[in-house]
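Scroll down for the structure; my scribbles are underneath it.
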Amino acid sequence: MLEVSGLTVRFGGITALDHVGFTVDAGQLVGLIGPNGAGKTTLFNCLTRRYQADEGSIRCGDTDLLSVAPHAIVELGIARTFQNLGLFPQLSVRDNVLVGAHSHARAGFLSAALRLPSVRREEARLGTEADDLLDRLGLTAVAEHPATGLPFGTLKRIELARALAARPKLLLLDEPCNGLSHGEVDEFEALLREIRAERDLTVIVVEHHMGFVMGICDRVICLEFGRKIADGTPAEVQNDQAVRDAYLGTAA
Amino acid sequence: MTERILDVVPPRAEPASPPATPAPPVRYPRVRLRWAITALLVVVACVAPFQLAPFRVFQLTMVLVYALALLGLNLLVGHAGQISLGHGAFFAIGAYTSAVMLEHWDAPYLLTLPAAMLVTFGVGFGLGVPALRLRGLYLALVTMTIAIFLVPLLKRFESVTGGSMGLTLSRPRPPAWTGLAEDQWLYFLALAVTAACGVAVWCLLRSRVGRALHALRDNETAAEVMGVRLSRYKTLAFAWSAMLAGAAGAVNTWVIAFVSPDSFTATLSIMLLAGIVVGGLGSTFGPLLGGAFVLFVPTLAQGVNQAAPGVVFGVLLILIMYVAPTGLAGLAGRAGRFAIQLRRKK
Amino acid sequence: MTTLLTVEDLHADYGVGKVLHGIGFSVAEGEICAILGPNGAGKTTLLRALCGTIRTGGTLRLGDVALPRRNPESVARLGVAHVPEGRGTFAPLTVEENLRLGAYTRRERAGVPRDIERVYEYFPVLKQRRGQAAGSLSGGEQQMLAIGRALMSRPRLLLLDEPSLGLAPMITRELFEIVRTVNEEERMTVILVEQNAHLTLEFAHRAHVIETGRIVLSGTAEEIRSDEQVVAAYLGIEVV
Amino acid sequence: GREDSAGTTAQGDCGGQQTTGITDTSIKLGGIYPLSGPASAYGEIPKAVKAYFDYVNAEKGGINGRKIEYVVRDDGYQPPKSVEEARRLTEQENVFALFQTLGTATSSAVMEYANQRKIPQVFVASGATKWGADPAKYPWTIGWQPSYQAEGRVYGQYLIKEKPSAKVAVLYQNDDFGKDLRDGFAKGIEGSGVKIVAEQSYEVTDPSVDPQLRNLAGSGADVLLNITTPKFASQALAADAKNTEWNPLHIVNNVSSSMTVLKPVGFDKVQNIVSSAFLKDPSDPQWAADPEMKLYEEKLKKYAPGLDTKTAFYSLGWASASGIEQAIARMKCPTREGLMEAARSLTDVRSELLLPGITMSTTPQDGYPIETLQLVRFQGERWTLFGEAIDTRKESR
Amino acid sequence: MADFVQQLVEGLGAGAIYASLALALVLIYQFTGIVNFAQGELAMFSTFIAWSLVNAGLPFWAALGLTLAISFAGGMLIERVVIRPVEGAPELTLVIVTLGLLILVNAAAGWIWSFLIKDFPSPFSGGVFKAGGVTLSYSTLGVLGVVAVVMGLLYVLFRYTKIGLGMRAVASNPASARLLGIRVSRMLALGWGLAALVGAVSGVLVAPLLFLEPNMMGGVLIYAFAAATLGGFDSPAGAVVGGLVVGVAETLAGAYLGVVGSDLKIGVPLAVIIGVLLVRPQGLFGRAAVERV
């Protein structure tokens, strides 16, 4: 499904990614871990064309991702959430989710301004879909609330809803458990499992919460200083000495 | 000892704000209120020209003209989040397109409206290209310089534009069947165009397009990740915004029957921006309130102090921003909600 | 032990509805005090109230002085440092400039370069990035920067809002060690808001559990940890 | 439609003519000026006009027993605003006539409306030719001061006589005023040995005309025709004085010939520059004993205390107010039609402060009241008249 | 050739004037994050104060010193009275408030001192300096010198002082700056005061060349905006280089590009700006905003 090879990104003197290569099979749930500044988010940014890769290639199915325009990434079925939240603060929660469905609608300026019947139908369809999603993620009560001033955990869930509204095949989650308490992490884990099964998702998740990563992932990749230092089952990675030294620390 | 504040340990509490089984989605009274206001406005708008003196009708016509331009500016600034300090230029281009067609080709005046819209759409699309790269302040200042540049440019092509003398035209006569006076007829023309554009913009904003504009205003990166094609939406927002300002320019030509470069100096652009900020960025009725501001407040200022109307106008502008930092529409909305709350409490 | 911070009947809101409904507790000088509670309980709001960024009612005292209302500058000048939710780094400024700003209100300037070095020792990655714009750091690096910046003012009271957010497990542990070090060596008082209740209770002296804007449970860290029922009910963690 | 309902009409001899804004004891006039915005300097003019009317009302009992009410509105020099204000004056204030709308573009915007509604727009404060060019199409509009074109021709005539092979550099404001004057000059020198060798224009938004002047200096011209508004005129005069290598004969147009322009530059730097005038200059000591001038100074002090009588804007306002007084006094019918008829049939009528030998004359076909100009030269601390007053009527038609 | 050099020199002279006001714009932007449309009018008002003082009989340099002090205090006062009530309001609200201030100050100056032009003494001697067919007046040289000095001072202020650091923090994130104990309001007032002071310097430099009247700075402001935009709004060096480029481009275009002519010459710096900004949207010397997700 996804094939990354030799991916290198540099910023001035820093090499944020250094010849990283791996593949992800359809349906897999891959955990991406590594110390702070290892390049995890940078990798996501390359996958969604936020950053320009200096070397290497990324293929998604038959497409060379690096030659796709940033806005067209979502059309290939790739959606993501952001580490530091990337919501639209002045829009309602519902509208945030509807923006997620942008790529599944066709209305243009003129047809929308004239409110052609096709646009009306499309809006109705998107509306129902969004409401279903909100319902599914327990956000109905805050649907009309602007996406600011809600607790951090709720905001993270809205981001997930928005990403799901794009009906992705590949979902990239950047630290989804941030700010969740222990119990909430468990709930989220359950939710993610269900959604993944329902929607046949391939997921890459960056997370520092080891309980979550080890519990849910089929496979874990560990980066350090932009290099891949481990790639295997959770158990393998957890016992890898390099990973322990660089990331988990002795206590883990 | 653990200090127990509750006697019974409750099961894990639900998250604080969202209750698990929600009440039916909240419908804000605001929404119903907006429909009520709209209905009221339509009635008032249709009755007014038969009740008011011709001069007042003329003033309302001008309010509508400015409101139309502000509708466009609101789309760009309020909804797409790009600042233009040069919208007077599009207003001018619309006005000149109409005037030139009337003067040189004797075109039927109604035809000049779509023509003006087409021309300004094209120009706006072209000028939207810098808007792709520039943000906020930089875009504002570049558009301002473009507006300033337009004035000598209009003077340069004297044979077409009439140079600095401008073009003097005559006002369209009402068709006999209407039985309307000229002012009334112009008023209804302006009303029809403004209302139609208002409805179109309203529809536009309540669609995927509107949401995409809002999204790119709030967070460009996230919008692009969600599939919003920034270049397309930004240039089109610019073009549509220019087109509406151009439409306002064309109607302005019908009403004023005179165009000259001096009619469209940087002052106009600045007044338009002030108008939409005062009216309320991103609000439904902001353009209308802004239009009223542009027309009435300078008059009010000279009523207060004729020796230096600018002093009064400047003070008024600053005061309005104190009282309503998010615009008059926001202020009206707040007042409305307050009233509703008061009624509920009783 | 003297009391450093006294909070009585604290109320707070964001203009729409109350978030804190009469919170009262006190923090002794040299204590690490943990505030725990579920999402949206009002922990962040409590810290904001303490540092004066939101509207409040009730009494707040630092030592003998009442904390000024709605005036975070003065609160900061009384020796309260806050690592806010969302970090609040100055994106266009460099890492080092951010750190220097942490010491903005300090009278003695001589110790500033030394303290910058100390922060670099705590978080070596910051040293590597010292000339880089703070906005370009990774999430975790920014978190480190925010904590380092707060330490630069050598505060009497340090408010930490989910400091482990986005930090790698190893760094999280180190962070807690650092908090313990400054607490012990400099008698810096710390109020720690955390989701990672287990780890927090290991380091804190006292803890308060907040739910929907009220304190529902208070005690020493030991007590709370040992009361399994409570821990399971409120904090949703199995005790190891 | 409703729009015609407001006006009133006369009975008797003048039957059917409009009597809005005029009664046996009063007459109401409205003026539109830029009191705010970039052209606010002109906002000084109505102060003197008002003083003149106050004086006439208080000391002469009005004009033929009719006291003058004078309403001033601000248009900020924006044509759409001028239309609005013109309509406010006529429809809300019910003025009898628009006396002085200032500026070419602004007055043009009003012209269509005034003629359509048959409202006198008299003595427009602008020297564009259009006010008198088409009396058949725009019978309700008439200018007052010598047209810019006429002024340009005067300078042309002067050069042909004095410097028959002059090479002229022209600096002009890029608008109707600058172009009209330049065109008049070009027409005036047609077929003679005088040639324009360089031209530079500027925009009112330009900070300075120094660059333009520098470019003109390079042309090797020996005459500089300076067609600018006051601020830019000062800049140009100063720049010319500063450039010691280029010493052309400097002609400055009438608009900018006032002392307020020359004084900041320094009198020593503007010696022997040439201009033209049709009014007595209040700062010129030669008129110190002139009764008209004494009246002006005394009454302006009395009715508009605090104004500096030496300022040319005030003498202009004073003179034009006196002009409208003459026209109103000559109305046969006390109607709008009557006013236009009077304004269009003036024969050698003097208004206050006109230079000796200069009068107002119109016919139904000739819509230019003042067409005579006097050449002046700056010497010492004042303008001195030289040569005859030049009647541009003779050359033009 | 000499002619070309002469035009170049004159362009630099004009550019230095634009730069002087652009410096004030950049200063206030750095301090407060505001684009101050009233900056030119405040400079004009300060110059009128200096003019009044000179006319009241004060020696030029004393009047100048007093004016700078008054301007500084006036700037702080304006921040207190006019800006503080809308502190924290949306950016455009602040822009409109400064526009209101522009209109207000312009009209007030006209009301107080009338719109008639006044001459203003030049601080520099009137002579010229000649070399190889090129004349350079001392006043141009003086303006360039003052601008260079102000630029240097600002650079030091921004980069090397504690206050400079604090103020950059305030401009980038006021809420965070507060948490660190930086007195934001005082910083903003200081910014307004300093900008008014630099503006006053600009006004005093400009007035002898353009003559003093309420609309004196209108045209200059547009070019100063162009200069700051070109150079990047966060760099004093950028403001100066931007000003010089704009001045030279405009002057040379007016002199040598026949089609452009003096009426359309403003289009040339405009084209330069758009061209530069398309390549470097943050301006020549500006720093690109870092954005991370």
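Per-chain residue numbering starts at 1, and chain names A, B, C, D and E are given in the order in which the chains are listed.
Here is the rule we go by: contacts are C-beta pairs under 8 Å (C-beta built on N, C-alpha and C of every residue); 3 or more make two chains touch, one makes a residue touch a chain.
All of these numbers come straight from a predicted model, not from anything done at the bench.
Counting hops only between chains that touch, subunit D reaches subunit E in a minimum of 1.
Ranked by distance of CA centroids from subunit E, the top chain is A. Centre-to-centre separation of subunit C and subunit D, using mean CA positions: 75 Å. Distance between chain centres (mean CA atoms), subunit A to subunit E: 47 Å. One simple way to say how far apart two chains are is to compare their mean CA positions; for subunit B and subunit D this gives 39 Å. Subunit B has residues 12, 15-17, 148, 152, 155, 221-222, 266, 307-310, 313 in contact with two or more other chains.
Looking at subunit D, residues 36, 38, 40, 174, 203, 205 sit in touch with two or more other chains. Of all residues in subunit C, those that touch two or more other chains are 38-40, 136-137, 236. Across the complex, subunit A is touched by residues 12, 15-20, 22-23, 25-26, 28, 200-201, 203-204, 206-212, 214-215, 217-219, 221-230, 236, 240, 282 of subunit B.
The part of subunit A that touches subunit B in the complex is made up of residues 48, 50, 69-75, 79-80, 82, 86-91, 95, 98-103, 105, 107-109, 112-115, 119, 122-123, 126, 138-144, 150-151, 153-154, 162, 166, 183. Note for the complex: subunit C touches subunit E at residues 51, 53, 72-74, 76-77, 81-82, 84, 88-93, 97, 100-102, 104-105, 133, 135-137, 149, 153. Residues 1-3, 6, 35-38, 40, 72-74, 76-81, 83-84, 87-88, 91-92, 103-106, 108-109, 111-113, 116, 128, 130, 174-176, 179, 203, 205 of subunit D touch subunit B in their complex.
Listing the residues of subunit A that touch subunit C in their complex gives 11-12, 14, 33-37, 41-42, 83-84, 149-154, 175, 178-184, 186, 208, 210, 246-249, 251-252.
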